[in-house]
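The two complexes that follow have chain A in common; it is paired with chain B in the first and with chain C in the second.
Here is the complex of A and B:
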């Protein structure tokens, strides 16, 4: 195993261990169980078809929790290191700053994906038990694209943590991700309807904002629509990797020039 | 070969000159104490020696290389002044992290960790999370992580802070043992008595400049805390000039 792989592995393990030991995740797990279990057991208003409404609610919560975890973990990768000065012994080791960045990013991603897996398994079993449909292809695609969403969100949170204060980072990232999730698709038509300054701002957001709506297959899963083409899935994942690479390049620049 | 060579090194942060034309060499296998008041530039010098940032002027080499290069840092062990480590790890996990960062294999890390945990007296607390450690225990964990990859040069920032008397003696013995094994030790401290006891040479820094550097054996020995006397004269101001002149004959003097 190469030295760089060992270094990345050590850093990633640190992020995962910290997430689980901090017990924040346990709270989210308990919360999701408290919310998802009744959804699995209830038949709302005595109408069998209303189960879709429950599924939609459950998936929305899964998205919300994954955003909280993804952003929460990535935004907390560096600020506590600077605050408690644990960054000094880390930088004194024979490890390049780029490797530290990549290791921490992969750790945050691994931690977030592990939590996401638990949520999706819970959701899959809940729907399977109620509707008798076990993990259809569109559900698998939704999970894979949701990982793509986390690839983008954790990179965004990490870059922000090196450029902004922790609270400003969480606010900016949270607003941009939620904003894009709900309005990302409509940005071009919204921009077209605006006078020039507004149009320019919306067009810039359209080009540079994180298009997290690409990863959202909730409607397809809830309404049991057919799966999308795997090629489309692949293109969206390439977009996620590209966006994350740009965020990491910006983070790398900030980290290299940071004075300790 | 000198372990560390600083030649007219300067570093400023905005209008503040943290280090000003500092020239200093640390010989291989010696223990050098780096003394000075708060804000004298000790930590800035250490950070440059660790490659955290480059000097604005002058040149600096550590073990014949550039400390900004990871290959050079592989031979350096560093213990920071404030020993706060990851509160959600135990000492074994902490050492596993730092061992991984040094590129050590799992068996190497395991072997070195167990030996060092035993050596620094943390064997009984090995599985306890670091957030439950006292300051002295964190200092012990700090020295263990600094020694993990068997470095040739050890840089310690205020290593005696927070240690109880017994731990101080153990720590002192450990530093002397390292010198016996041919390691170079450089430490900054406010503890003049500790410096006098274990250092081969001492360097005194004032406002970023070296005001005195000499062998402890030249000034110690009459039981009157001579290092303290020199330190006060060098930093005091009034008697500084005459003190420098009187010491110039038997010691290396730089200002």
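Here is the complex of A and C:
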């Protein structure tokens, strides 16, 4: 058991190191600064004091970059190994395929969550310094649920990387995640308004698609709504864990049956 | 080496051709494009799409006004009218001419949580349960960045100018800034009577400057007469003209010019004899006559 844990740890550490070696985070921070600094200096119609638009833009960037990092890291775990054939020495070692999969998944998740933590800390300090509100409960919930979002997205990216080509995987995952963020909430009403074939497709998407909009508490944070119940928070995290488990099961099946 | 030079030369020629074409298009196709020569880059690239984007930005401001709640039936304008009623007891004219909004100022109702057996909707309802709370007073400063973006995106967005000026003049108690913005809006939309009317209201109700307000109401009246309107617009324009006529009558009454008040009443009766505004104008004339 401890051997397996050590193997998973080693694989996960590699994925985290890979993220920081590529210096993605620095690029992301520079981009954020380029977008947010001019906005911070804005005084519309000569009147200062507005802050919510900044918070909204900052959170939008956090979501965008976390999606890019989460998908990017998870989708690039296996394809380079297959291309450079470094997967062979790894498989030749006494490491089970399931262990490789879980190790790589946890590595991608840890890398994404570490980047997310940096983003949220930066956001928390920015809001605290501007508005004097330091890490309220709804902010903590937003961060926790955002981790749930990454749990789903990295699992989805990993499963896709074993089933599709890298570009197809990124396109499909990106489209489905962004599509669900925009339309996930309205899928039942959209389905009801469609004729039969369309209705069936939308209903299937509603039941089996990744409902990533559950993890999005941006409106609550920006408009200072009260925190949601912790029970609801728990239910959403259970959903994330369940969805990720299904994705990993599919990935495991694909990896086990993969012919190299 | 020669080949490389040739390639560089070709690229430079192509770049020059592209720039020349870009410069020539607005002049060659003048009148056939939504963009006009000499407009800024944003106008050239986006054309009429600017107004669409601008409206989306103004909708975002509306969403902020409702504390982040989307897709509601009540609008900021209806609330604007309510506040105009509340805030100007000393100026009956503002209250009467603004119309009688039946809109409660605050809403404690929350967006409904979807019921049923769908677990996804159950979760979504709990996570995105919305508390509908209007921004009030200085909090409305949060709307300004979106209105600013909306007016910069398209100077033809009259509604954005009007709403931003309302926030500045009424909620933030900065009527001078509101007046400046409305004047800018009128410069950009010289044919639109709404901005003249609102400028007149701000000058009259907030700055108590009847002398500057009167020409605005006159301009509103004239522009309403000039606009060729379809059936849908005719009613709005008629109401706007009626309100402008009321203000003109009210200001004339303050001056003691009863002849002008009578002329305004005659115009109002011709427009909408049974409307409340006409009734108020009639009462105004009667009370002035009694006092005289």
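Basically, the second predicted complex is superposed on the first by the 242 of 260 C-alpha atoms of A that agree within 3 Å, B and C clash if a C-alpha of one lies under 4 Å from a C-alpha of the other, contacts with A are read in each partner's own complex, and residues count from 1 in each chain.
Here is the rule we go by: a contact is a pair of C-beta atoms (placed from the backbone, for glycine too) under 8 Å apart; a residue touches a chain by one contact, two chains touch by 3 or more.
Here the structure is a predicted model, which is why all the values come from computation and not from measurement.
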{"item": "Three-chain arrangement built on chain A, chain B and chain C clash or fit", "value": "fit"}
{"item": "Touched partner set for A:84, first chain B, second chain C, both or neither", "value": "first"}
{"item": "Touched partner set for A:200, first chain B, second chain C, both or neither", "value": "neither"}
{"item": "Touching partner for A:229 - first (chain B), second (chain C), both, neither", "value": "second"}
{"item": "Which of chain B and chain C A:18 touches, first, second, both or neither", "value": "first"}
{"item": "Touching partner for A:52 - first (chain B), second (chain C), both, neither", "value": "second"}
{"item": "Which superposed partner A:96 touches (first chain B, second chain C, both, neither)", "value": "first"}
{"item": "Degrees between the directions from chain A toward chain B and toward chain C, using C-alpha centres, nearest 10", "value": "150"}
{"item": "Touched partner set for A:7, first chain B, second chain C, both or neither", "value": "first"}
{"item": "Three-chain overlay, closest Cα atoms of chain B and chain C, distance in Å", "value": "32"}
{"item": "On chain A, the residue positions that both chain B and chain C contact, one per complex", "value": "none"}
{"item": "Complex contacts: residues of chain B adjacent to chain A", "value": "13, 47, 50-53, 70-74, 76, 78-80, 82, 84-86, 88-89, 93, 96-105, 129, 142, 145-146, 155"}
{"item": "Interface residues, chain A side, partner chain B - complex", "value": "1, 3, 6-7, 9-11, 13-14, 17-18, 21-22, 84-86, 88-96, 259-260"}
{"item": "Chain C partner contacts - residues on chain A that touch it in the complex", "value": "42, 44-47, 49-53, 145, 184-185, 188, 206-207, 211, 213-214, 216-217, 219-220, 222-223, 225-226, 228-229, 232, 235-236, 239"}
{"item": "Residue ranges of chain C touching chain A (in the complex, touch as defined)", "value": "64, 67-68, 114, 118, 120-121, 123-124, 126-131, 138, 141-149, 164, 168, 172, 174, 177, 181"}
